[in-house]
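Written out below as structure tokens is the structure these notes cover.
When the chains are written out, they are named A, B, C and D in that same order, and each has its own residue count from 1.
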């Protein structure tokens, strides 16, 4: 302990800096031109998934809304149109909205979902200029029939959809865990299914035939 | 207001009135009236159940509730001859299932089905009280005991070829039966005229056609 | 060996025992004439009580005691249970077809004793011929003045009619039978109230089996104590047994209880067909747990059957020889109960069908080792403890009855059940 | 029943003293031992079907499993509800119930409030061992316009069957098939057309019966519950409004053993859709050149204030107020009497009877009196069609052993259970009543009215009946043993409105107006307006063109009046004539109290604010009074209204929203009647009613589903209006030489098909009131009926 060391004290920090010069990797990236790999379980924004045949997985059960700690999800169910069902079974999500300003990205909605209709992607860039735009509607949340996520600002250069398809979140969105043997079984099943679900009997003549065929 | 059973045959209407008068409470007549309605309509139809309901003053739903509880009320058309094959335990032990298969094969139907000519319906039934003469078969509820699979085929063919007006148990027993549970006593002159149990003044016929 | 009581007339008159002429000629309606002339209703009831006869419908409740419960409030009803549907049983059919007047005389005597003026004979729908014979006998009895107003100028009146069922085993249960007779679904009622207090049309009602009532003329003629003297105590009187299955001489036999099963199967019924070995038999209709050859020397009484964990029930003995596939036989019985469940209470409605489904899967070769435990546990959920007489989670004993064959095959023939289960399944567990 | 001895029972080792005679399951619940159940329901007869409530009870043969729902407690009973055997049985039953259950809980409307879910969590096995194919049915099938049935979810508990059969008397839904295939069904092509079908939805312990209105609209966890009453008729059944995001999604019955026992009529249950109807008036409107334009509230109120200035008070009148809360009605009355200065006020529309008789008849019966009556006389509107929940109460009374006499010109819903039915020709009621009273005819009816207490339910059977007949019936009813009287007016809160003084001869609190200063009643006002003797007419939620006995007069009156103000939620045939329409808040949007036909005051609550710019009547008249410079006269809100009312009306002293809440356990407070305690105790007298002897007399009676404004705007029940036909007796049909289905002309202008009906008294013509097809028919006693010739 001397007055000298007291004098040097403020400079000790620089010593650390000096020691590090030339060592280690450069961490600064030229975002957004250069993007960083997100961790596998990164919680980006939600998408609503479809089955392979384009049917929506969401059945409008409102369990996600019920479990949401931020109360940012608004869902209303409705009867599936008998001749052109939106989802397998009786009910589909008629209204589906998430207020991203409120969302805390906890993924409890994903856990609560009985059909794995809602999953999280690696999409995280969703700045808006109007608070209303932060409420994502069903149109925006629902993936395209080919599986591409929608985005409210498709032309935004910040969005690179191609990159996002590689992420685990997205993989979960397109290949839900489910059992093959349920394919074509004409009955509602609480677990998620892969492949193309058959419509409920009575929903459409065309689908009834399919259903009966796949039974055999 | 006209009677709900104005479209029934005279015998049917008369029998219905007898049945309504028979019981302390009209509702008790539901089951026998359903047999009469079966005779009138060929099987238990919605119209028949509504007529019975109106006769006894309950709702049609209540009549249907009863009519679907009991297996002898047929809600779909059946053939002229209802062949009921028992496969309960005693008959099962002695070949009831083979008799059933043989009868179905001869009639060209699945269990419960009706042949294309609408003559024969083959059904599986539970015990019909002829265990001593197993395997047992009923044609329009007239019993044959000690039937074999070969006899069953003969029975179906015979029904189709001779199309008897009245089904007589003693005649069938003689032609297609075997061991009996007990002596039947004097031959019975009455027989069934339809796939409805032949009991009462309407629904059975005296021999002599 | 005592002379037969119920079947003497039909044995002696093999063709026309059902006619009134033959009945009268063989002493028929004499008991009635004497009783109406010289006995009070109480005296008749006393004789029946003294006979110690236990009801022949299956439950074995003493008939005289049951009569004693009848509430004294008019109108009262007597209902004869002729809904004989238990697989293996066909004794009532013979009594109805071959000696209907004996039954009618019994009905008039019972009605007189009970103060009843209206009686119904409920005959199962699949028995049109017995129903016709009984109806004809009733018509004859009316004609001769044994039924109707002021019977034999005694001042006693009785109306009797035949009611045909619609095909439901459960209507053999007395309260289900009453519902059926009232034009309702044949679902057993909750007890209490018992029918003797609130039965048909909510009036006091006695429900007796055909065989039980057919005994009444003899009891009144010969005295209750002479009936009680026949056979062992607590299993008094003669009793009709229906023998079927792999025996040489199937049929109905009126016997005195107390003989051994060996006597019954090998002597009375003539032994097993083709000299095969006996494998197992059902001692009292499809509801009863089975017995195996080690029980052959047990005496045939109601109480001894209970000791062996089974019952004499309706007196139906179904004999199975060594070639029998017991799993298939059990399936036939379980299927029967699933088919005949009325469906009002949960364990029976769901459980019996589940048992049937599991057995069918096992028979298809898709069984799993754990299905045997599953069968027993499902049975246990219908009949807790799987004891005899059965405890029930159900309203009536139909559900527990379906567990009897499951219990029997797993107790005596477990290897044969396991033989149906694919090796991979067994190894895999 | 009055015997309240207790027995001691032991449950799980703890001794309890419980009331004798009750079921074990109930007794256990009361002492805090909940036994799970599906088929058991307090208001239904036990059936013991689900077997969920099995418990072990010590008996002579040791412990036995018994269903606790059928077992009556007896002294010394030793019960175990938690033993291993019981737990195994519960698990077993739940596993059985679930093996064929579809487990579609995420989309099931019951999910979240489902006893099957809850009890599976609490008592069930963790997983199923069932691997066989499940039983499947088509799902769901509509069994009526308002109810859907999903048989896959059904646990066959028998509750709906018992509600339909035992409670409502409409056995239209029952078990079908047998064993494993048992299913609940209605008859093919015969809908479950019960007025009480919605109750089955409420009692269903699973999602097997659901209502069309509620299907997929919301989930139980996002519902807000507002206790209120079903204000469609004067029974005012205790109910709950369930809202989700500011919309009513369903109405449930609340249990009030003194009133509705937890039942509601379908009209009460399904008419809420009117609140959200797209054509509701949501802003003030003023007529400009024959059409309406939206204006602001100040503009609208100023227009009215200006018009009222300088007008003689007796040339102002108000019709209506029967749909409003007591506080609103009180404010309206105060506005008219104290700000405007007129007594021309009437909450009835000429369809009722003497307001003093209705408000203060003595001795007045409660609904409990009906339930425990020895005998009941119903001489008035068909209860099933007008006051359906009271109909259930009368059914219950008859089941309890009461004798029942029904007097009516045509078949009523109660006829089938009546001890005696007096069928009389419309217009001849007085004569029939005299004979009954004298004993010169209808002996069996008189004989059935000898066991007290005898409750007489009196009212006006049809709009064409002389209103004074009710007075005579009440006077007769008063002579019967241990007599109680219940006046039958049917419209919403009309009894509350009368108690608040909305009658030409009544002041708030059942106080009569001194002789000579009474105002005009509704028909009087309409007559005066038609003759130009009335300038300003307020229509307060009333539609006289549709609802009063003389639609032509009403239409003329509204045309002739200088200035008509309609305070309404819809443009109706009447409010279409208005110069200014003020948007009114409806039931479900206002706080306050209401008074039912026995004088029971219950609270009603706002589940959400009024639609658009609509306001409560209290706010409207308060603001109007303020503009007119008398703002301090009117109460400023509901609470001040009730305290001011209590000061003014002794009968209502101490009856406030708070006291009802704290003192009545949610069942409401009956405002007492009877001489001595009341300012007015109305003793009915035998009125002089002329007997009509024309060839045909009209019976013009309402049915449950009519063309009323609320029914019309409630989508799910709007389609349930009956087919309209004219019913005549077979004799009259043969005299007129018409056959069933032929057309007749009534009063030279209304052509309708004929139904020949043996239950119509000869000489009477039965026509349903307030239906589209009978619009414009004047409810006169005598009508002409002519066959239309030439039609086939």
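Here are a few things to note about the model shown:
Everything below uses one rule, namely that a residue touches a chain if its C-beta (ideal position, glycine included) is under 8 Å from a C-beta of that chain, and two chains touch if they have at least 3 such contacts.
Since we're looking at a predicted model, the values are computed, not measured.
Highest inter-chain contact count (C-beta pairs) belongs to B-C. Ranked by how close its mean Cα position lies to the mean of all protein Cα atoms, the top chain is D. Put simply, the C-alpha centre of subunit B and that of subunit C have 24 angstrom between them.
Taking each chain's centre as the average of its CA atoms, subunit C and subunit D sit 54 Å apart. Per-chain CA centroids place subunit B at a distance of 51 Å from subunit D. Each chain gets one centre point, the mean of its Cα atoms, and the points for subunit A and subunit C are 67 Å apart.
In subunit D, the residues that touch at least two other chains are 175, 177-178. Multi-chain contact residues of subunit B, defined as those touching 2 or more other chains: 65, 69-71. Residue positions of subunit A touching 2 or more other chains: there are none. Listed by label, the pairs of touching chains are A-D, B-C, B-D, C-D. By the touch criterion given at the top, residues 168, 185, 190, 338-347, 349-354, 357-358, 361, 374, 380-382, 384, 391-395 of subunit C touch subunit D in their complex. By the touch criterion stated above, subunit B contacts subunit C in their complex at residues 22, 24-25, 27-32, 34-35, 56, 65-66, 69-73, 84, 87-90, 92-94, 125-134, 138, 141-143, 169, 179, 181-186, 188, 190, 192, 197-200, 204. Residues 102-107, 111-112, 134, 136, 138-140, 215-219, 221-222 of subunit D touch subunit A in their complex. The part of subunit D that touches subunit B in the complex is made up of residues 170-178, 185-190, 756, 758. By the touch criterion stated above, subunit D contacts subunit C in their complex at residues 46-52, 54, 64-65, 70, 85, 88-89, 91-93, 95-97, 99-100, 129-130, 132, 155-156, 158, 175, 177-182.
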